[in-house]
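In what follows, chain A forms one complex with chain B and a second complex with chain C.
On to the complex of A and B.
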């Protein structure tokens, strides 16, 4: 017993150990040189097609907002994973990060996506949150954006005959704004994204 | 045939953009309405004609007989109660107030069991209100306190607050912050940027703490107030103070919990405090489509918003004494005329027990729990579906409801005027 106490003291009362114990420090957080930076804006014009929002795997990382009449994507650093998918998916080349655009040009890669909107009519309350917040609906019918009354049938979806009705699924861009506006996950947008190589975009 | 721009007579949002499809005297579909609204239009669960209770069941009676018997019951009663009124139009409410004065009865609306405390607080400290259009076009912070609009007023968020783009709020879904205060998570809290989860009955304390922080006296706030951390309270106070325009909505989670009208008074004073920094307004989330209307009609006719007693030959108002639940619980009332509401489903057992022991006449399009002990029920037209009428939205804006079809039912205003005519013997009053 006594011997083991001595052993302990001898083992732990060493200068370097005490110093390391009391002044422990993790290495400073630095971004390694081989990491990509967060996506940045190029000079090209954003057409707010929302493809970047569609492809982004991180919740809340990217938004496309209107300011002074022009649209542009906004990256939220706390949420962004720097995966670069938005840069790769943007058909207009609005975003740039690392050497993604260069590789894309060399390899002639692109994405093709299709979407399917699924609504659970048993839980849907027909509150219209999804129809009003949908950015494509807003574009097709500005009346819809300011209160949920649609004046035309060009919108993706609206509340019709007491049901949530999907009219133009092909116009969906997969941005999932509707999912965020639904209080009980009654609407889901399934995305099927294919990676293409050597095929002309569009 | 499609009837356009129909006003929905369900909740006090009074959505005025419905398209109703009518075929062969039936509603076959409703566009733009929420689930609650479209069910009200679509239901076929209406009674056919007036019925009277017999020893073993019900018998159908002609309308004239139902009106005559109701008039006799009202005349014979010592202390009749005329209750309900929130599910019908202003014209019927006006006829109801005249009738109550004529028979020296008590007239009270569902207000007394929902936003009655809000009115008491407003009488004390005023109402910093606004129209819902102001909220839609300007508000960048919206508070829902003690209510679940997503279930009770499903289109409130998409038409007036969170998701609708406004004139000064272009990216509504992004620019508007939503704060929801509740004792439990709900579908509305799922959409909140800040969820204040407070302990039951803690509203007064939390509102008080927020007032202290906004006033600059945050040092008196303990680390936790009714389950809400001081950090969150500071965060919320900052959010509210830096808003360009804030809108405070509250429901029965605030009006009918411990503290009652003092809670609302505290909320109004918080709004007052915040308005020293920026612009804030407060709106009660009224439930039935025209419950606000009764308060308006009753105020311009009697000077008081609800619970008016005409037994003295003049209008007397004393909530707690002349409110329906109290009159029934004291077993004072000896006859009750229920119009467009369902007290049996919402009153305390003691009040319902007494209600079941006295003659009850009900004017309602649908059978409900009160039907279970009513002596007579007269089915009437539904305002906004098969009758015209005026209703007040939750922000006090009167809207004219138009009928979309005719089903041949009499409207409540007509029946009430006929009852009045019988009591006065046909002469004008």
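On to the complex of A and C.
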């Protein structure tokens, strides 16, 4: 027994042991590269198809902005969940985060989506903000000004004869810009998104 | 006097007491704060101790999207913390309301409307390393030379 006391004293009075006991710290933790970080831009060109905005589950997390003639998505921290859906959904591979693009290539996954525009005519006040803010409308009819009136029948929706009219629902890209522009929350874009695997994209 | 001040600064920067308050979170961020306590991240090795008593705390971690019952209680709780003090918003919810900030929800965010927020840690949830580095980054700026800056 006396022997074991000496053994313990000898064992615990070693300099390295005392130093480790008093100053032990976890080694600096580095975030591995395969963690899903906030999506970063790759060199690929953004075609402003708004698929990233369509798939994003967090309100106000992603915007597609035009700056100096080129379009690019902008991620807002404090809103972004780092779910990586925008990275996976982007048909051009503009965004990158962790190993999502690599997995997507291996598993050949893609999304197929359809949209349905619902307008509550009881709360809609025909201001036309949705029609003016719609980026697809903007391409079809750049002349569309406040009020949402248009002579063009190629637009997704317009205010015609004092009523919100949806003309080409199939052109909707699901970006939900109109939802944000509506002062009465009268418009809603229902998205039906299907995850596909092993199907050629397109 | 300056020696005493130095000693105070040294102690303050190495002994940070943290209280956390959940103003309506989904518990995702709570779990990440819990992970900070566990041996893998181990915040106690940096001198950070977790209390649930605001009167003992230096730093308040605010977790979750601001819900109506907390509108009166959070400033009251903030008033109980003795100065010097700082509040850190953990996660997206105190910043923006995150996925709960939609129509037909009762989110009265951001938390910065009710109490002064010294730092925001975005993420849904933020990683324990991010929470840890935010607490460690805020602590020196808030607590160093507290008496000198006050006078």
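Following the convention adopted for this analysis, the second predicted complex is superposed on the first by the 161 of 202 C-alpha atoms of A that agree within 3 Å, B and C clash if a C-alpha of one lies under 4 Å from a C-alpha of the other, contacts with A are read in each partner's own complex, and residues count from 1 in each chain.
Just so we're on the same page, a residue touches a chain if its C-beta (ideal position, glycine included) is under 8 Å from a C-beta of that chain, and two chains touch if they have at least 3 such contacts.
Computed from a predicted structure; not experimentally measured.
**Q** Taking the superposition on A as described, I'd like to know which of chain B and chain C A:112 touches: first, second, both or neither.
**A** It touches nothing on chain B or chain C.
**Q** Who does A:138 touch here: chain B (first), chain C (second), both, or neither?
**A** Only chain B is touched by A:138; chain C is not.
**Q** Touch check for A:177: first (chain B), second (chain C), both, or neither?
**A** Touch status of A:177: first partner only.
**Q** For A:57, using the defined touch cut-off, is the partner it touches chain B, chain C, both, or neither? Pick first, second, both or neither.
**A** Once the two structures are laid over each other on A, A:57 reaches chain C alone.
**Q** Which touches a greater number of chain A residues, chain B or chain C?
**A** Touching more of chain A: B.
**Q** Which partner chains sit in contact with A:147 here, chain B, chain C, both or neither? Use first/second/both/neither.
**A** first
**Q** Look at A:65 in the shared chain and tell me whether it touches chain B only, chain C only, both, or neither; answer first, second, both or neither.
**A** Touch status of A:65: first partner only.
**Q** Which partner does A:128 contact after superposing on A: first (chain B), second (chain C), both, neither?
**A** first
**Q** Output check: A:190 vs chain B and chain C. Expected answer is one of first, second, both, neither. What do you get?
**A** Touch partners of A:190: none, neither chain B nor chain C.
**Q** Mind working out whether A:160 is in touch with chain B, chain C, both or neither, as first, second, both or neither?
**A** Touch partner of A:160: chain B, not chain C.
**Q** Quick check on my understanding: which residues of chain A belong to both its chain B contact set and its chain C contact set?
**A** The answer is that chain A has no such residue.
**Q** Name, in rising order, each residue of chain A that touches chain C in their complex.
**A** Residues in contact with chain C: 24-26, 29, 31, 35, 57-60, 77-82, 185.
**Q** Within the complex, which stretch of chain A touches chain B?
**A** 63, 65-66, 124-129, 131-133, 138, 145-150, 158-162, 177, 180-181, 183-184
**Q** Which bits of chain C are touching chain A when the two form their complex?
**A** Within the complex, chain C touches chain A at residues 40-42, 45, 92, 95-99, 101-103, 120, 122-124, 127, 129.
**Q** Quick one: which bits of chain B touch chain A in the complex? Just the residue numbers, please.
**A** Interface residues on the chain B side: 17, 21, 28-35, 38-39, 42, 136, 150-151, 154-155, 157-160, 162-166, 170-174, 187-188, 190-191.
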